[in-house]
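Got a structure here, written out as structure tokens. Questions coming.
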Amino acid sequence: VFLLSCVDQPGVVATVADFVWRIGGNIVHAEQHTSTNQDNPAAPGLFFQRVEFELGEFTATRGELTQAFHPIAERFSMDVKVHILDELPRLAVLASKAPHCLTDLLSRSKRGELAADLALVASNFDDHRELCEFFGVPFVYVPVGSSPADQDQAMLDLLRSENVEQIVLARYMRVLSPAFVEQWPNQIINIHHSFLPAFIGANPYRQALDRGVKMIGATAHFVTADLDQGPIISQDVAPVSHRDDVSDLTRKGRDLETVVLARALVAHLEHRVLPYGNRTVVFH
Amino acid sequence: VFLLSCVDQPGVVATVADFVWRIGGNIVHAEQHTSTNQDNPAAPGLFFQRVEFELGEFTATRGELTQAFHPIAERFSMDVKVHILDELPRLAVLASKAPHCLTDLLSRSKRGELAADLALVASNFDDHRELCEFFGVPFVYVPVGSSPADQDQAMLDLLRSENVEQIVLARYMRVLSPAFVEQWPNQIINIHHSFLPAFIGANPYRQALDRGVKMIGATAHFVTADLDQGPIISQDVAPVSHRDDVSDLTRKGRDLETVVLARALVAHLEHRVLPYGNRTVVFH
Amino acid sequence: VFLLSCVDQPGVVATVADFVWRIGGNIVHAEQHTSTNQDNPAAPGLFFQRVEFELGEFTATRGELTQAFHPIAERFSMDVKVHILDELPRLAVLASKAPHCLTDLLSRSKRGELAADLALVASNFDDHRELCEFFGVPFVYVPVGSSPADQDQAMLDLLRSENVEQIVLARYMRVLSPAFVEQWPNQIINIHHSFLPAFIGANPYRQALDRGVKMIGATAHFVTADLDQGPIISQDVAPVSHRDDVSDLTRKGRDLETVVLARALVAHLEHRVLPYGNRTVVFH
Amino acid sequence: VFLLSCVDQPGVVATVADFVWRIGGNIVHAEQHTSTNQDNPAAPGLFFQRVEFELGEFTATRGELTQAFHPIAERFSMDVKVHILDELPRLAVLASKAPHCLTDLLSRSKRGELAADLALVASNFDDHRELCEFFGVPFVYVPVGSSPADQDQAMLDLLRSENVEQIVLARYMRVLSPAFVEQWPNQIINIHHSFLPAFIGANPYRQALDRGVKMIGATAHFVTADLDQGPIISQDVAPVSHRDDVSDLTRKGRDLETVVLARALVAHLEHRVLPYGNRTVVFH
């Protein structure tokens, strides 16, 4: 899979398609998008493309493909990411006390829905050891102890020593330090239990009840240094009514959080998500 | 229809049902709700009830029913509203340039979906005269002229002189003065083109694009003195993607606004909506 | 909780409310519905009511309450079901190979979302023993062996010997015999992986693909002797596109099935579902 | 816009992109899809592509573009449709008594949402003349008279004499003859008021009530000689409950029908819909 972005210019699509053809590949899926500048429609837009192709009889490594494509990338000043679908990234799931997203991701991983090697589960609570063992995934307890900063650093060290490439925060209720976040730019996905940008921060279901909304939501987004401000990947909502108190909203919200997080993660692992600025292109 | 609210206490349901039975009525629909205090669950909650009944062979005016019920209302310190379903309130629709909500409400009124006497349409633009004439509804142009405050006052005078009881803001893009709003407490419904409380204020679709959300919403709410802060009656959302620019969001949003406003208005006119504090009970 | 149904007649609501008051109860929730006869609107309709009340300081058994209410039930020719919310019914989950609905129900049961005593899981495959042990629920393997009829009888015997009162078919891919079904009238809930009545029978996702639908659905319903024809409790759908093949539909469908089945079961266990003829009243 | 389909084979994407580039065009949007054969995944699939491009300074007619592309189409045995976005097809709307879809389409046409020249409205009732005049669209009354076959023929003659290219059945309650349908293959869009294939034929809302479904639907599809069996373009559903009788379903269904038909028509007029067999590819 090639994920490309560059300033829009004539000939990009033809050149990329020609490249794939010349190396003996067959394009299985290709999606593209051109984003116009809302403040200046006359300016050239940004061009995004996802090209998935099969290599036929021969094989090539990620490095070889990147190098072969390099002249084209340079000619169009492209930002290019090359992924081999057979090479699964090492994925870590971080969770706190609530088990619903974690259990769901473990189940999906077991039945082969996640294009990743689920390397470990880590938590600031020692609650999920048995669950992870049942699913055959290592569990590591990283207690907060005397200092939140120490815990953040310990978690960071753990994930680096395990060569983790992708991280999912499955209701992990700790704020990551900027130093942590910058190690995995646009590789950390969080689920926030509201329809962002409504109800940023703590206790969104209580906030939702107090405002009297008629729907609750969940938002999966990349984590950036700004809390709940990163690029949104997926959102969904469910109707609620005056009969629902905070515990009802929490219960209904669990189903939303579970599905929205899984949907975002699956798309990301299939290399369908291209973040740019504070937004994302999500190809289907 | 009786719309009741009081502090929750034993015997309310039985007493009301008994009252209806004694006056020869037959309860067609009855819904009730008890709202617990989230901060103090041990405190008595608020009790809400909607009782719709037929009077059989005899008839009674709204005043007579209110008076007959008065002892019960006093005994339980109830807030009571009595409505006769055959008595249609005088309704005014206020619109600015966009015709989609207005056209939809006129169509629904014509085919009998609104339990109201559509008395007039008023606007700060002279654009919808022909449309209203086609549907047989008087149209009044209330220009802004030199002073927004004068226009607000002129609109207020018009609606009072027409004995308007219910008001719908069908994409009416002017902020009503507090003096205007307090004339029709919880009788003015507005449609805001976002999923409140996200994107309060101007240009919510542009705000939505800039934040990169994956769904847009619409919110129908009662108008209070605080902009976009009144009790929410109905909300809905629609999925959007990276392909949608502001004009796409605006187009998709039109369908949402139209349906959400109509849904809220129909419920309100059927006396299914009980505002309390900043929230609503909406019985179905 | 009282679940009542009878021919609509004046005074029912008042009489029931009065009964609850006299025995010292306080009505927490009450919903009612009157179903008119579509073929003869002038005929009296059917009246349904759910009354949930607290008994205050005293207690009463299900039998005592039923007996105390008996004169009223007789007077109005009511069909009455009395449930004590603290008395949890014994529930069995039947599953075949697919684990998604089963895992979800076990998780919900563990976190207290199901108002039932999850007595056992039984299956025609020996696949879920470890999973059930992890959640602390007995697992019984009931193999098909030489005769499907024998397996049906063995399952029936097992559930009766375990005093099972409620049954959920969590993707149990065997057709129950009429003799089995009549043991638990309107107490067996099945999830069918289509939007019934579309795509009755086998392979609904393949049928959906062949018809080229743009949404797939799931339907939870009571099991009757007629395959996929029982009263529907809950339904939902998800969008699909030309890009989805049968395996995509199956994967997307899993999330639907899981949520729709759980939603129906929770409502049923909270005594919110009243079947009548081939339809249901579902109070919220 | 090029709409292409052919048997999947290497080099198609590159060749098409190269063609556009050589004639000086710039690809604005390109979507492609390869449909695998579910019964024989090893067989070559069908390839579909929509390529939208700007021609820059020069212009070309539809015929010139088709001719220039001919060698490529022949080489790959392609089925090709070429559309110039500035050339609006002549569109006719057929309606019976119900005005909701018709009113909506007239409104959308007026505010520029339909990429078509709305040539006329025709009906088997003389009800919508005033409405059409208000929107400035000619209205023709084609009465049924003594023979349904004559009416069908009269309508066919009218539409041919008006050079109509696209037809929308906006709740037109007459079955078109095979001779009529074959004049506009995959150019006639109908709205059926159910979630097909459920509730084919007459009175789907009554059928839905009798089956006790918890959601109702609407389906927009191309008209073929088989009633309600043509390729589906768009579907949607709305929740209903035991409280809804046939008139409620009809009312709720109107909003669904309106939106689903408009969504399908807009996509079709923007050349995003490729029918194949009994299915459609709908590019977004």
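Going in written order, the chains are labelled A, B, C and D, and every chain counts its residues from 1.
By our rule, a residue touches a chain if its C-beta (ideal position, glycine included) is under 8 Å from a C-beta of that chain, and two chains touch if they have at least 3 such contacts.
These figures come from a predicted structure and were not determined experimentally.
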Neighbouring chains common to chain A and chain B, by label: C, D
Chain whose Cα centroid lies at the greatest distance from that of chain C: D
Fraction-based call for chain C against chain B, same above half, different below: same
Intercentroid distance (Cα basis), chain C paired with chain A, Å: 37
Distance between chain centroids, defined by C-alpha means - chain C, chain D (Å): 40
Junction residues of chain C, two or more chains touched: 33, 241, 243
Parts of chain A lying in touch with chain C, wherever the complex brings them together: 99-100, 103, 107, 111, 113, 130-131, 134, 241, 243, 251, 255, 259, 262, 284
Chain C-touching residues of chain D, taken from the complex the two chains share: 33, 35-36, 38, 48, 195-199, 206, 209-215, 217, 231-237, 241-243, 245-246, 277-282
For the chain B and chain C complex, residues of the former touching the latter: 10-11, 13-14, 16-18, 20-21, 26-34
